[in-house]
Structure formats: structure tokens, C-alpha cells
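In what follows, chain A forms one complex with chain B and a second complex with chain C.
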Partner chain A sequence: MATPPNPPFWRLVPGMHRLIGLKCKRCDKVNFPPRKRMICADCGGTEFDKVRIGKRGRVLTYVIAMRMPPGMVGPAAFAIIDTDDGARISAWSTDCIPEKYGVEEGTPIKCDMPVELVIRVIGKHEPTPYYGFKFRPIML
Partner chain B sequence: MVVGIVGYGVYLPWCRIRLSDLAKAWGRSFPTSVEKTVPFWDEDSISMATEALQNTIKHAGIGEDEIDAIYFGTTTNPYLEIQGSSILKTMIEVKPETLTMDFTNSARSSTLAIIACMNAVKSESINYGLVVASDMLIGKPGSNVEYLASSGAGALIIGRENLIAEFEGTTSYSTEFTGRWRGESERFTMMTMERFIRGHGFIKHVATAGKSLMEKVGKVSGDFKYAVFSTPDLTYPRRILRPLGLIPDQIKVGIVANSIGYTGSSSVIINLAAALDKAKPGERVLMISYANGGSDAFSIFPTENIEVKRQNIVDKYLKRKRYVDYNTYLRWNRIFEKISK
Partner chain C sequence: MSVNLRNKVAVIGGGLIRFGELYDKSFGDMMSEAYLNCLDSIDKGIDPKEINAAWYGTVRGPATGSIAGTLLGLGGIPITRIENACATGSDTFRNACFAVAAGLYDVALVVGCEKMLDRPGGLIGLDRSGPRYFDMFALTMPSAFGVYGTRHMHVFGTERKHFAMIAVKNHYYGKMNPLSHFRREITVEQVLDAPIISWPMGLYDCCPVTDGAAAVIICREELTTKYTDSPVYVLGSGLAVQPTRLGLRNDFTSMMPAVWAAQQAYKMGKVGPDDIDFAEVHDCFTCTELIQYEDLGFCKKGEAKTFVENQEMYIGGKHPVNVSGGLKSHGHPIGTTGVAQIVELFWQLRNEAGGSPKGAGGLAVSDPSGKRQIPNAEIGLQQNIGGAGPQVSCINILSNKKR
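For the complex of A and B:
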């Protein structure tokens, strides 16, 4: 398990390495990330089915970070993504440099832009990496 | 029993650097058309392998639950004490009973993994095995390795049914030879004189493995339409043409090294994917890997299914590119780190 060796990170694995969501049995809302004692964000239901979330979605809103946390290289965008399955996920951008602020030529990030989620290195528990989902513009 | 490839896939990073840019920084010159891949700063062998695996599973058209084993071949595992394949297992959502194995410490770990997987499938202990090779090589700034060391990943699914290509036979040949190496706790790959590696390493081992394979399967060099090798550039395969009795047309399609550089263990699988993208049913592929005095040779026979599952994945990834300069390359590879405050 490539997560920092402590319980809080280990519990997040279903949401970090896989996109597993909890679909409410009452209102069909997909809740993400999955937690042990979950209450549906829409209807307050407490009974769920585990579902696999698709990796395509659209940007709901974003912010561009110029000063990155230690170990990360910027500038990069941090966005909230609405996936096609109805789950809401927050993720860093990758494989693109937000055009407006970067010195280099890059891919501009816009609201409602179609994106896909990919596994990348999120950070380092020195000197080893841990992984999670980031988003990038659809390329292939 | 016939064992073969059910699906294949590759992943190449988005960015490229022209070797002429790289040479300019060190006061040298280099042909402008040659380039290599540059991984984004948050990529490593595991993340690249994940995308190659996802492409492969999609191409094979089988469910994640049907995979019985994952064989991961790499020389740049980010962990020395955690299995890379067990991390990959959680990411592609296979069942927990799936067998995981790492093949490391050699750039031909990919073909060794293929042989292990073939044998397991042949003995019917597993139905579908996943072989993935991924490498992120970094050369010391200014050294000769810097011109070839690059990154990429390739994967195959091996099984007994719905084959797009069959394995007809395999041979190995290895001796003790040191050409490229990386010590424990060293970050950069080192390399001795290229002429020495090419003459006494590459040509000798690849030719011997290739000839013994042709004897074993009862074929001559003219029976193969494509020949693919693990190679850092075009000079290596050109020198192997005469010893193996091949013609230049046979290596034209399957060698993409001038566009991506030397991707270590995945080099031979990416080249195989480039050949399978173009191969028609019955056009045989000769695949020979090479690393540090060891070669594995395979004869691969595409079946009718290859037309049904046609994909041009290598071309797609080669077209998807953007150039970065040398400074960005150094920054993303963390050769220079920003000092805070």
C-alpha cells in the first residue's frame, strides 16, 4: 500500500487509488469519498451501494496555485470536478500548465471543460511517493 | 497448447525534449530530428504503468476480475521494500487473490516477465496474466546517458483464448557483461563506452539469441515481416541486420526510438506494440530484448483477430506531444530543486 504509513491515509485508499463511491439507495446520489459512517449529502439516507465511478467529468470550478506545497512543482490548478456519474471530486491538475499565470505556453483550464482523472504522484513521504487522482484535459 | 497475446497497450508521457536543445546546453551538437520523452514532474514508473494497464485492459476487452496475475518488470521501482505490482493491483481494481510479482534489476525484466507469464498460462495455473513494463530512466546531466534515458510504459495481457497473436517459441542467451548499471542508492544510470556495448554486448547476444530462435521454430529471417529490439537509437538495429540476415524494411516500423529515446525495460514492448499496430494476420514479428549481456528472443504470429481489435495506440501517443526546454526538464526531474526562503 503506497500511502504514508498511518491509519488516516490508509483509510482513504478506496478514494485515493480507486474511485469507489457510495450510491444512496433512496435518492441515487453518488457520495465521494466513501466513509465508514456516511450520511447522503442530498437526502440524509444512510444505506448505500458501492459503485465504481467513471474517470471522465467536467470542471465545476477551479483556483490556480502559484505557491505549491513542499515537494510539488507549480503553477497548477486545484479544481472541483463533477464526474459523468454524478460524483463530486476535488483534484490537482496535471499534464497542463494553466496558461494565464504560467510563463510557459500551456493548456488553459476553463469551467465546464471536459477532463479525465488519472493516477499520479500526489506527494512524498520522504523519500518515497504516494499516489492519488489528478485531472487533465482529455487528450487521446 | 497455444499461448499468446490477448491485448496490448502503451503509455508515453506528454512532453518531449529535442536532443539538439539538450546538446546546446553542454556545447555539443546533435541531429535536430531526434527527441525523447520527458515525464511530467508527478510521474513515475508506477503511474505510467497504471495508464498502460488501463489501455491494455480496454483493448483486450476482458473484465478486471478475470486477471489472475500481474508481472511488473522495471529497473526504477520507487520502493525497495514495497512491491510495485501490489500497488498496481489496488489501482486497477483486480480481485485481491491476484498473484503479484516484480521482476527488477534488469532492462530485460519485461521479457523475463513475459516468459514467466507464458509458462504459468501454458501450465493452466492461471487464465489471464498481465505483464507490464515501465521505466523512468534519468541520466546524469552532461553525460552520454542523458541523450538516451527516457520514460514510458508498455503492457500485454497473455492468455489462451481470443488471441490477437500467438507465441511460436522463445529462447534466451546470457553471459556476464556490464554495459549500463545503477548502484544501490545511486540515482543516475551509468554507462560505459557505447562502441563496447554495441559490439561485444548488443550484436553478440541479440544475434546468438535470434539465430537459436530461428533454428528452434524452424524459420529463416525472410519469414519475419517485422523485427523489434530494445534499443536506444537506430544505430543498434542497423548493425544487427547483417548478422541476422534481415533487411532495413523489417526494422522500419517497429523501432520508435528516434521519437521517444530508450525507455529501459519497456522499450521492447513499446516497439512490439508499434509493430502489432501495423501487422496484418500472418505477418510474423521477431522480438529480441537486450540488457547487460542477456537476450530473450520471441517469434510472434498475428492471428485473424488482430484486424478485429485494430488500434493505433503508438501513433496516437507519438502525435500527442509538446516540447519543453532543458531548464524545465531539469526542474521536473528534480535535478534542480527550488530553495525556499
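For the complex of A and C:
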């Protein structure tokens, strides 16, 4: 990417650290990640309210990828998450052992399980690490 | 719509090469071979100068229509390169049909070609292309499609064994097809024991990385008798997209682009799911094919697992699917696949899939049993779906009779 690999560049991206979504004024859909000239993916609307997407939600569906690219630790679960405030995002897992997979009782990752989003390193824009959100089962 | 495609365009020839790891053939070698096979397949013969226009489909092959012109000796005519992820082959065919149906061209060539093995690793590198937001980074195809499998299992009680039965079926038929990439049978146990790629998708739930090429020639329906007495008519076509970003999608137990494309194609063709005698469906992953049984209307929502348990997708069942071997066994050279499915439909609808049709370049397309030929096939459907998971889908419906 022909952009400066320094921390402020990444910190200022609204769709990374700040979890800002754009809620469509016409149909209420939360479009994420936001863009400067956003058009609603569902209805084509062009007017939005900025919303801070909540960090708690439930797993809608997931997969468990057994191998990850260099720089990321595998196995990891990839999930589509419906947040408690009505947004839908996807994220990778952290802080759990996803390879104990299955739909039987007692496995760490299941559809409908409650999860929370936490800030983690996603990758490196040499030499700068950049951060984003991963999800983990809510520890109670 | 004020103009309909139905019955206006006919497929008069189809050519295919053997799919596989074709290290001994270049991109150009494969494309030329498929094209020459296609010319041979025209029953009453054709002069290449009669081709008025061409559409060239490839996802990762060299860009511009002039590549096809160079490789196939087709100078001076309009050639357009089409790309639409895994729907490329079908969409290339669809666009050629528009032009011929509109009466702009009499005869058109559709060619698809993909050399996947020149880049070791297949599509893996794509997982790190594009904007590096945290949500889609490192997302591979097995993951992007697998999420649909997981949700389907959760809501409808589908199990991995149902996915496995689909891989078994496609290998069962692929073994009978000398053009297939893989030609051996597998068992449900082997599929379930295979290494996991992206749960619930294991190694044998995923289609291979394949090289291949295919070509088809179409003409306006008034002109078919010059070329053949058994043309195959295009009844309907559909295409639909949904957002790339998985978080923007609304449904994870259906692959909505296929549902929408099917609605369009059925409406245009004035047919319904019950009229479809057989189908070539895009089983990039076993969960994709299973969900397509519902999306295409072959069974009700949620009942795919019963459809599979009752073997309704075998010849003899309600809707035979992928008796070519499908993507899983026959192979998936991305831009070629849709065109190859049209060729399979062409052979099946002309009752040639049990033997050695001319478009196969001297090879038989079935083992001596001939069991791959579907008896009394009249209407066939082919479907592609792909992108970041099921992002774009294209469907074409063909028949050996005008309807």
C-alpha cells in the first residue's frame, strides 16, 4: 500500500480502532466499515448517522480455519457476529482454543454464543503493527 | 422487460479438454484445443470466418479480448473479455447470448480458459489483498463459504455427513468421466476423516485447483439448421450479486445471489424447479451444493439433508446434479467452469454424454457403461456462484426443444 506506515495513519481509520459504523437514516442498517462516500448496501441511501458499534454480541455463524497466513496464529475461528445494538460484523477469534470444534456441548465456539470484541494486533504494515478487533467468548 | 431471450439463441457446438494438472499445456494450448474441439463438434461443419463475435472469460488469465483473437486466429472481430469471479464462465455465455438474441450477430463464440497451476497456492494469496480491515483479512474461500455450512447445520440439523455424501456422489460420477480431474471414488468415512481445512469444510469438501478450457458456439435460432439438426436452446438466464463484506449480508442459510438469479432465469424461461431434469451446480464446496438444492427450488428450505439422504441428486432421483463429476471431481478452472457446464448440458440434452461426442477431441466422456447419460433429459440448468463466498451467481437454463 502506498501510504505512510506509521501509527497515526492506522489509528485514524474509523473502521479499525474506533468501530464506527454508519446507520442508514432510511432503513436503519448499520453499514460497516464506513467510507467517506457511503451508499447503504441494502437500500442505496446516502444519509447516515455515525454510531459506535457495541462490543458485545452473539455468534451468528463461524468457521474454524486450521491454518493462518504468516504473522497470524492458527487455528482461529472466523465468526459473523450480531452485536447487541443491532450491527453485524465479522472478526477472528482470540483467547480461546477454537480447534475443539463441533456442535456438541462444551465446545468453545458455537452459534448463538455470547462474545465480546477486544483490541488485538491484526497485522504489520512494515514496520508498524496495526490493530483491530477480534472476538472472544465472554468470560463469566 | 420488453425483450425476452427465451428460444432466440441456440448452442450448436461445444468443445472441452481433459481437466487436471496440465503442466504440459500452456494457457494458449488449452484454449486452442478447446476451440478446435468446438469447431469439430458442429454437426454440419462451420468455417471460422462465420464467427461474427467472441466472448472470452477468464479470471486470472491475460486481460483483453485481443488475447483470444491472437490465440485463436480470430482477427478483426469484436472480442470482449468478461470477468465475474466464479460466475465468469456463465456470465461470458450470457453476454454472448444477449448480443445474438438482439440480432446484432448471427454466430458467436464463447470461450473460457484458466491456468491455475502457474501460481502455486491457488487462490490463497487473495486472502491478503484489498483493504486491510480486521474483518475480512486472511479470509480464504473455504472460510467464506463454510460459514453458510455452519449456520445451516445449526438451524436445520444438517450434519457433516450430508456434505460428505455430496462429495461421494460427485466422485462416483467423476470416475465415469475421462475428462475429470479426479477419477476415483471416495467414501463418506474418507471425507469425514480427512484433514480439516476450515471446519466444517475438510479436504474432501473442497474442490481442487485445476487447469482447463472450454468453448461453445451459439447462433440465432433461425439459423440453426445450417449447422445442426439438434440445437440446444437457451430458455432463461439470471445473474445477481450481494455485498463482498460478509457483515453486510442478511442471510446465511441461503446463498441469496443464487436464489435471485434462479428467480430471474425461471421467470425468463417460463419454467419452474420441477421442470428441471438435471443440473450442473457450483460445488466449490460441498456445503455450497447442499444449499443450492434449496436455493434452486429442488427441495424446500431446510430439507436438503433429507433430499441427500434419499439420494434424489443421483440419476434416478428427482433432480440429478453434477453427473459430470461437478467441481469437486471434474475440476474448477475458475473462468472455464461455467462454459464447461454448458458443454455438459449440450451433450446431455443431445444424448451424447454416454459416448464420444466430437467436441471431446477423440476422448470418450463416459466410461463404457454409459451410465452418466441422463435418460430423456429435456431441460438442464447450470449455475455458478462465487467471489468472497457466495457473492455473485449466474444461472442459464437450456433445453433441447423450443418452449
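The criterion applied here is as follows: the second predicted complex is superposed on the first by the 116 of 140 C-alpha atoms of A that agree within 3 Å, B and C clash if a C-alpha of one lies under 4 Å from a C-alpha of the other, contacts with A are read in each partner's own complex, and residues count from 1 in each chain.
Just so it is clear, a residue touches a chain if its C-beta (ideal position, glycine included) is under 8 Å from a C-beta of that chain, and two chains touch if they have at least 3 such contacts.
Because the structure is predicted, anything quoted here is derived from the model rather than measured.
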Per-residue touch tally on chain A - higher for chain B or for chain C: C
Partner chain in contact with A:F135 - chain B first, chain C second, else both or neither: neither
Partner chain in contact with A:I64 - chain B first, chain C second, else both or neither: second
Partner chain in contact with A:F48 - chain B first, chain C second, else both or neither: neither
Set of chain A residues, in rising order, touched by both chain B and chain C: 1, 72, 122, 134
Complex contacts: residues of chain A adjacent to chain B: 1-2, 13, 17-18, 52, 70, 72-73, 94-95, 104, 118-122, 128-129, 131, 134, 139-140
Interface residues, chain A side, partner chain C - complex: 1, 15-16, 31-33, 41-42, 60-66, 68-69, 72, 78-80, 87-92, 101, 103, 111-112, 122-123, 125, 130, 132-134
Complex contacts: residues of chain B adjacent to chain A: 14, 40-44, 46-47, 50-51, 78-79, 82, 86-87, 90-91, 93, 316-317, 320, 324, 328, 331-332, 340
Contacting residues of chain C [partner chain A, same complex]: 124, 127-128, 131-140, 142-143, 146-151, 153-154, 195-201, 243, 245-248, 250, 252
